[in-house]
Every structure is written in structure tokens, then in C-alpha cells.
Amino acid sequence: MAERYPFPDLNTLPEDIQGRILAVQEKAGFIPNVFLAFARRPAEWRAFFDYHDALMEPESCGRASNLTKGEREMIVTATSSANHCLYCVVAHGAILRIYEKKPFVADQVAVNHAKADITPRQRAMLDFAMKVCLRSHEIEDADFAALHAHGFDDEDLWDIAAITAFFGLSNRMASFAGMQPNPEFYLMGRLPREKKPTTWTLSNQ
Amino acid sequence: MAERYPFPDLNTLPEDIQGRILAVQEKAGFIPNVFLAFARRPAEWRAFFDYHDALMEPESCGRASNLTKGEREMIVTATSSANHCLYCVVAHGAILRIYEKKPFVADQVAVNHAKADITPRQRAMLDFAMKVCLRSHEIEDADFAALHAHGFDDEDLWDIAAITAFFGLSNRMASFAGMQPNPEFYLMGRLPREKKPTTWTLSNQ
Amino acid sequence: MAERYPFPDLNTLPEDIQGRILAVQEKAGFIPNVFLAFARRPAEWRAFFDYHDALMEPESCGRASNLTKGEREMIVTATSSANHCLYCVVAHGAILRIYEKKPFVADQVAVNHAKADITPRQRAMLDFAMKVCLRSHEIEDADFAALHAHGFDDEDLWDIAAITAFFGLSNRMASFAGMQPNPEFYLMGRLPREKKPTTWTLSNQ
Amino acid sequence: MAERYPFPDLNTLPEDIQGRILAVQEKAGFIPNVFLAFARRPAEWRAFFDYHDALMEPESCGRASNLTKGEREMIVTATSSANHCLYCVVAHGAILRIYEKKPFVADQVAVNHAKADITPRQRAMLDFAMKVCLRSHEIEDADFAALHAHGFDDEDLWDIAAITAFFGLSNRMASFAGMQPNPEFYLMGRLPREKKPTTWTLSNQ
Amino acid sequence: MAERYPFPDLNTLPEDIQGRILAVQEKAGFIPNVFLAFARRPAEWRAFFDYHDALMEPESCGRASNLTKGEREMIVTATSSANHCLYCVVAHGAILRIYEKKPFVADQVAVNHAKADITPRQRAMLDFAMKVCLRSHEIEDADFAALHAHGFDDEDLWDIAAITAFFGLSNRMASFAGMQPNPEFYLMGRLPREKKPTTWTLSNQ
Amino acid sequence: MAERYPFPDLNTLPEDIQGRILAVQEKAGFIPNVFLAFARRPAEWRAFFDYHDALMEPESCGRASNLTKGEREMIVTATSSANHCLYCVVAHGAILRIYEKKPFVADQVAVNHAKADITPRQRAMLDFAMKVCLRSHEIEDADFAALHAHGFDDEDLWDIAAITAFFGLSNRMASFAGMQPNPEFYLMGRLPREKKPTTWTLSNQ
């Protein structure tokens, strides 16, 4: 269905958007499709990527987070799989592999996070993220207590919830618009000596 | 659970955020809680309300939309109810009543949109929104065709999907953070001669 | 779909039914639609309202109950919302507001009873009612123990279960027959100084 | 859990209830447990059995029905199985076998009505009953049209819906109270030459 | 739909299959339909019944099991009901009645195993089987611990899981192919003095 | 949980099993874990792999099939993902990539087969497989007609159903036993010039 919403020509985009896209392209070596798919509506594009950066690159807005980059991508991969979003599972699974330096972790988290090779703390984090994803209205004090027991504080829980909620938005739009992952993502982080990890940085989606 | 994430003092907020909040307060007569609840993280606040305005007040970013203001709020009310989000059902149900000038429509849409006093076109719009909300991965060409038959074009469908997806984010955050609706919302638009409709405007949430 | 089952003319109804309906009208100021919708089948009408009164007005058959009038309506509102029954959520939500003298409680209980401004005892009562409503075959001793811990005894549990089960019947019939709430219900109990509370009594539905 | 709600002594019951129970016992040869389980609350007992008779024995209140006795029991068996109600599946499955003179039909309808040896008209009837049972809020004009195509009229649909709704009440109470089927029901109607069919009549539950 | 896949003529089947079927017929007095329904594909037939025998008649391959014959059939009946498989509920419910010498247990386990007249150990066994049937990906250490507390060891859990998994295969094929239970199964084990128990043996399905 | 059921020493296994495992190892270059995980129970092992070969390598038992090798693996990958089985999604996703010579298809089919780069015929095949996997009791004539329209005959439907049903067994056992995919599977078929395709043959799992 992607042809309903064709990608705009990069050259026709507002300068600020062009600039941010070119910066991503320089670092990643290609333009992840989400950057072009959403660019047809510049105001939504800016809000989407501002939100993304505020949550996924907290340093970019002067905030520290106890979640590692890999843990943030783990949340995205697990909840995007629950939402059956092809783009996000493949794209963020790739980034997860790179950050965690674990070539198998994305497939494990996507199919069944309970069988993944992750720490008990990360397992608890994903259990909570799945509840935000699927049954947010049932979140209760006991859920907070369970994560506090693993060393997470209330700011960390906000991070987990917000990342889950934000990518729930992204998942629905990607499925709706028929967004396909770039071919590059499928293999990223799977080979023993990945060439790209140093160049793939926080500002990439 | 709201006490986990207390509202910041308005005076301590960045000037731009203060300004936007005061503008809302002037028009609405009170500050809807979401404006304060999210203000503890200014970067997320700005992205959230930029996104909100881009979708709910397209004129504010120079875009026209075939959806009426009331139809947009109808989508929010129906899908927020599917997500069991108390804040959004009550707050946006209030705005829906005002825009539609129908004191019963919000309760109808929240409990069972199939029994609501709305047009067949609006019914089709809400059926689609519910699918984006609950089963976005199953959206297919037939869903587009069904809405085209009611006069919606692909830009309208993007609007419906994006509003649903954005408030899915909002719903999850409000439930997670225990956000309560302001008392004012419960009664707004229910009385025969509502005093406020002219002052409640698009920039209010 | 309501036109499939038009309301009978009040004057054509059996005398006993006419009498009970007129008594309700006198107290409430209007005839709640359920009284007319079911009157097309007098035998079912009598059984329905006898059952209703036995559960919702136990004093009328010489039985005391530890549940307050408000708590009984709370059960109806929460479970009717789970069944997406427009008539019952709006009508019984109205009565709930009046009995509890809380203008917000019905909307809270309908959207997400876990976020409602009710006591822990009432929360436990509604958790149990929701289980009877949605998964009655899984009720087990632990459910009884949980409510005993809040001071409910086995007669109270019978009340909670029976009210839930009875309105499950009512919900299905109202949705099937397309029954619409009377306009009066939408606003009842929402205004600070409700004029009607003294006249709205136990024998009204 | 049945011991929570022990059966009252028949001799202590109000005379009208005693009378009706003895009449059932004389015809059936035993007292079905539901008659004793509900007798602890006479007002609810009377309403329950009045409702039951109005729907399951319409002749008793001067109403004709196009549904056969067997079809009514078929609805009860199918929907009680969907609600996992042991008492109703076993007791009404027994009566179904007798009325239909088909020793296998109850097990078929309980496990999967789509594989049962019934007519296409009965299959459509049960499809509709299952929708009333499980998703009553989604009933729409198309459901009526589907049954009209099989010769059912709107009164028949009311019967199907009301029987389903009434036994949904019964199912929830039986599961809640731990009601067990009488041993006699398990075998009734399974043997080639059942002795009882002529004595098991409409007023038995 | 059974006519899509007609039963082959017994005489046309490979000798080994003929032999095994005739042996079953001699013991049971009839040929259970599954033996003929699957015989159209001999390689699948052999694998299916080899698997069946390895799990349901462990002695036949030199393995002991702590599960009784009745307990194995209890697992089949409960999980086949969850899968709505008419053939397996009726056929294995029959064998369950015979092995347990309890004429009611199959109906109880099929409708709601939580209300069945079985031991707490058997209840725990069926709870676990239902989890394997419906949510196998959520099985965790706590499930093992719960069964260990009832005296089951890890080999017993393998048996429970494998029987559940194997009949999940059988259920899907029987529903797909429209396989009907033989009339004989419906009544087996229901009469006080069943004639067949000594002749119905482990090698019957 | 895998340590509950440690792999037996290959040298201690029955000769026929050793032989089949060594043959697989020679072709694949490693022993897929399922061959060792199930070997602790030789009779079940033999039945499992006989069944597997009868369905996945029909030529091995003298049967032709209209499904290609790739299509069979596509069914396994899609339904194993619906069952959240890590072992089968990763192992059979690998074989799927090799047979189809499409490095992306396994991830697509696992996340959302409706967005996969497959033919309409394959899409219909997977829709049917998902129904067998999740709602086999609802399969009806219309499902057969839908696949006939794509050129499948009733033998092909048996293949689709049986493969789905068999791997439903495999999925439950793998999740129960905590079976992990061999590391080799994760990367197989993802690189442009895969070295192994000619040596990976039908008898490998």
C-alpha cells in the first residue's frame, strides 16, 4: 500500500528537514525510510523526530537516563513485535544488535522476550513495557514495586512507558502506511565484525 | 499514583512552555492537567504539543483537513475509550460535545460508537479508527476502499490514523502516570446553553 | 434498530404494568425507556422487574443487604461498560451519581474502575464483579477470600454476582433491541445542586 | 464451593415455591439442583423461574413461538458451553437430547456447534445466539437480515436473544455458586429407548 | 466437510496398517474413525499412531510413566475441548470415563475442569496442560514448581506437555477434515455396568 | 529452563537415531538442537521425525506435493511466530530464506505475513494456515473455496493444515523445554552468496 503515500523528493523538503536527513544519511550510509515516509507532512515530521530524540537520545536535550541505548532499543523491538510492525522490528532490531553487540538478541526479543538471552532486570523491564503496550489501563502500584526491586526508579519507568507509547504510535503509522524497512537493516549487526558500529549513532532511527 | 509524578510549579517552567500554558488557561478558564503533567520533561512536552497541534489544529501549520473539529475529537473519544484512558475520554469527550453541539454524543461514542447518533460517514470513520487502534497490522486495501466510498480521501485516512496513533501514545502515558481529568471537563458541553463554546478553541487540549 | 421493536402504547398495557410504570414516572418525572421497551411482552416484563427489584431494592422483599444503593449502581455501571451497553451505562451511571452524590464517579467507573475515586473495598467489589461478568467459570475460593478481607460476607458476594449476572442479561437485551437512554439520564446528578435526588427512589430503573 | 450456599430444606420454603418444586419432581422424577440452589432467596427464585417459563414455555403465558422446544434448548446448550457453565450444559444438554430425540446433538452443540448435525437454519440461529452471548454490542442489521433469510422473524430473534441473555445470567450464577448438575442429567436422552420423554415436560428446568 | 477426504477401503491399505486397524477393531468392537481418516496417507498414519502410542501407551515402548491411563485421557479431553475438537472430546471423553470408572468426569472436564470431581493434583495437572495448549510461550519455572509441589517430576511434565501438544495436532486435523466421532463413543462408559472396560485397552484411540 | 532436559550423549543413542543425526550433521555442518533435544525419548524422536519427513519431504515417502519447499517453510515460519516459538521461527526462517533465495522473507513472514513480499497465492495459503493455527474449529467451506480460487486442491489444503498442526506440536514442545536455536541458524541465508544452499537438503530440520 506504500504507493498511496509516495516519498517526497528530498530536494523539495524544508531546509531543516533536509539537513537532519542528510546528517542521518552521512552517518548511517543510507536514509531510513521513516525519514522520507513522514516528510510529506513537515509539522508532523518535526514533532515525531523531536519526540524520538527526546526519548531515545536524552543527552540531546540535556537529560541523563539510567537505561542504556541497547535497553531502549530492546523495548522498541519487543513492543513493536507485539504490534506486528514490520518496519520497527527490522529497523530497531538492527540497532539493538549493534548497541548490545549481540547478533541474536533482536530475533529473540521479537519472538519471545521470555526466552531471550538478557538479564533478569531487562526481562522485568520488557514485562513492564509489554503491559504498557497491551494493557496500560491495568498498570498499578505492584508494577512499580516490581521494577524498583530491580533498581529502576520512577524516571526510568517514565522512560520505559514513554518509549513504548511513542513506538506504539510509530508502529500504527508504519503499518497503516505500508512502510517497508530499508534492505540494509535486515543484516546490520548480524556479522561477527560489523563495520558500522562506530558510525551508527544516537541520532539515527 | 499521580503523586509519583507531581506537577511542576508553573513559574519554574521554560518561558515558551509557560507562555503556551497561560494562553490555554486564558481561553479555557483553567489549565488542563495534561499540560502540567507532561511539563516535567520540557523536550517531550514540546514534541507532544507540537504533534498534537499538527494533527488537531492543522490550520496552525498551514494545512487544511476535510475532517471537522468535531470528527477529530470523536476519533479521540472512541479510541481513548478502547484504551480505557480516563483522562482522554473525559477531556476530549467534553471538547467533542462542544464542537458537535451535541450533549450526548461523547457518552454514546465512548460506550459503543455503533449506537451513537452520528452519520454513516462518521460511523465508517470510527470503525477505521478502531482498527488502527486495536489491529493496525491487519489494515488492508479494503479498509481504504470502504472509507473512499464515504468520500474520504487518502489524506483524510492519514489524519484518522495519525490522530488514533497519537492519542494511543497519550492514553498510555495518562494511564501510566495516573493522570486525572480536571473537574471542569466532566460537565462541559452538557448544559443546553453552554457559556464557553466561543472561548474554547483549537489550541486547547 | 429500535424501530424493529416499537414501544407499545401505555394505555394498551395490562393494568399492573401500567400502574408500576406510572408510579415510576411520578417519582422520576419521566418513563425510563426500559419500562416501555420490555412491555411488549408482559410476562417477561414482570419477571424482569421483579428480579430487578429483588436485587436492587432488597428492602422491597424484606431482605437487608450490606451493599449500599450506590455500590449496587457502581456494579451495574462498571459491568455494563464492559458489555458496551449504552442504555445501562448512561441510565445507571446517572443513578450512581445521585446515590453517591459524586458527579464524576460514573464516568470514572465506566472508563476504568481502577482509576475511580472509590474506596479500596469498592475497588475489590468491582474487581470481583468484572470477573463474574467476563470469566465467571474461573471464580475460585481465592476470590471469596479477597472479598472477605474487605468485610464482605457470602451474602454480599451473592448480591454482587447476581447484580452482575442480571445486568448482563439487561445489557444484551438493550444492545440487541437498540434501546437508547432517555435524554434525561445524561445530565442527572452532574450539577452541584441536583433538584431530583429526593424524588428518585429505589423503584426506578 | 457449593457448601457456601447450602440448599434449604424443602419444607421450610414458601408454599408456592414448594408447590412448583414438587410439581417438577413429580414429572422429572427428581428435583433439578437449580430449584433448590436458588430457593434460599424466594423473591429471586420466583423472578428467575417466571422469566424462565416466559421464555422457555411461552405457551404458559399465552404466547406462541416459532422456535421448537428443541431449538430453545439448543440455544441454551451452545451459549452455556461458551460460558463454561457445567450445570447448564449438562442439564439443558439432557433436555435437548430428549426434545430432539437425538442422543448426540448436545455433545456436538457444546463442543462446536459448527460441526453439529443440525439444519442450516439452526446453524444460523446458533451463530446469532453466540454473537448475543459474546459480542452483543456488535449486533447490527446484517445479523437480522441473515436470520430473516432463514425464515426467522423479529419475534423469533427476540426469543433467541432473550434465551441467550437469560441463560447468561443463569450460567454466571451457577458457576459462581458452584452448582453441580444432578447425576440424572448426564445420562438422560442418551439411550435408544428413553423411558422418560413423555413425563419430562416444559415446566422442568 | 468429511466428504472431501473419504475414508479409503480397508482392503486397499498397506498390510501393516490393516493389521493394526483390525487389532483395534477386535478389541473395541468398531474402528474409531481417526484410524480410517488418516489412512489415506500411510506415512503420516504410521507416524501419528507411533507418536500416539509412545505417549499414551508408554509401556509399549518400554517406558514407565507416573501418569495413570485416566490422567492421560483427562489431559486429552480438557485440551481438546479448549480447541473445540468434536472428535477428540467425544472419543477421548469416552475412554476417560472407562479408565476412571467415573461416568460424569468427561463432561465435567470438557465444560470446566475447575468444577470437575478430580483431585487437587489432577487439577494442577490440567491447569498446566491448558497453559501448554493456549499460552506455551509463557511457561516458566513457576509452572514447574507448582507441579513439583503436587509430586510430579520433570518426566511427568514432559508427558503432560507432549500429550497436550500431540493432541493439539490431532484436534486441528480433525476439525480441518470434518472428522466425526463414531456413534459408539457417545455412550461408552456412561452406564453403571459397562460391558467393555476389560476389552478396551491401551492400543485403542 | 533447558537444563531440565539435558541433551543425551550422541554415542548413547540407538543406532538408527545416531545414523539419522550424523547424516543431518554431514549435510548441514552442525546438528540442529531439536535432533538432540528430543532424542532422550527415542520412540517419540522416531515418530516426530517420521512425521516431519512425511510432511516436509513428501518425496521421501513417494508422494508429490504442489507446495514448494519454500512454501512449506513459509507456513512453518508464520505459524511458529503466532505461537511465539523461538526455536522454530529462527531455524525454519533460516531454511525458508535458503529455499526462497530471499534474505528478507523470513523476518517479513514472522512479523506480519500480510506485509511480506510474497505472491497473492502464498498470502492466501498463510491466511489459511493462520486460521488452522489459531481457530481451527471455525474452518468452513468458504476457506476451501478461497484457496481453490488460487489453484490449491484439497491435497494441498491437507498439506497446509498438517504442516501447521505438526509444527504447533513442535512449537509447544520447544517452548516447554526451553529449546534454543543453534547459533548457525540466525545468519543462514542472509548473505548474498550463501555457501550452503546446495548442501542443506530436505532431510534437515
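Letters A, B, C, D, E and F mark the chains as written, and numbering starts fresh at 1 in each.
Keep this in mind: a residue touches a chain if its C-beta (ideal position, glycine included) is under 8 Å from a C-beta of that chain, and two chains touch if they have at least 3 such contacts.
This one's a predicted model, so the numbers in the text were calculated from it and none came from an experiment.
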Shortest walk length in steps over touching chains, chain B through to chain E: 2
Most distant chain from chain D by Cα centroid: A
Numbering shared by both copies at the chain F-chain A contact, with half separating same from different: same
Pair of chains joined by more contacts [C-beta pairs], D-E or E-F: E-F
Mean-CA-position distance for chain E and chain C (Å): 46
Chain centre separation (chain A, chain D; CA means) in Å: 53
Residues of chain B touching at least two other chains: 84-85, 112, 115, 137, 140, 175
Set of all touching chain pairs, with the criterion as stated earlier: A-B, A-C, A-E, A-F, B-C, B-D, B-F, C-D, C-E, D-E, D-F, E-F
Chain C to chain D touching residues, read off their complex: 1, 4-5, 41-44, 46-48, 50-51, 53-55, 61, 63, 83-85, 132-133, 136-137, 139-141, 144, 154, 157-158, 161-162, 164-166, 168-173, 175-177
Residue ranges of chain C touching chain B (in the complex, touch as defined): 81, 84-86, 89-90, 103-104, 107-108, 110-112, 115, 175, 178, 180-181, 183, 186-187, 190-191
Sites on chain C touched by chain E in the complex: 137-138, 140
Contact footprint of chain F on chain D as seen in their complex: 112, 114-115
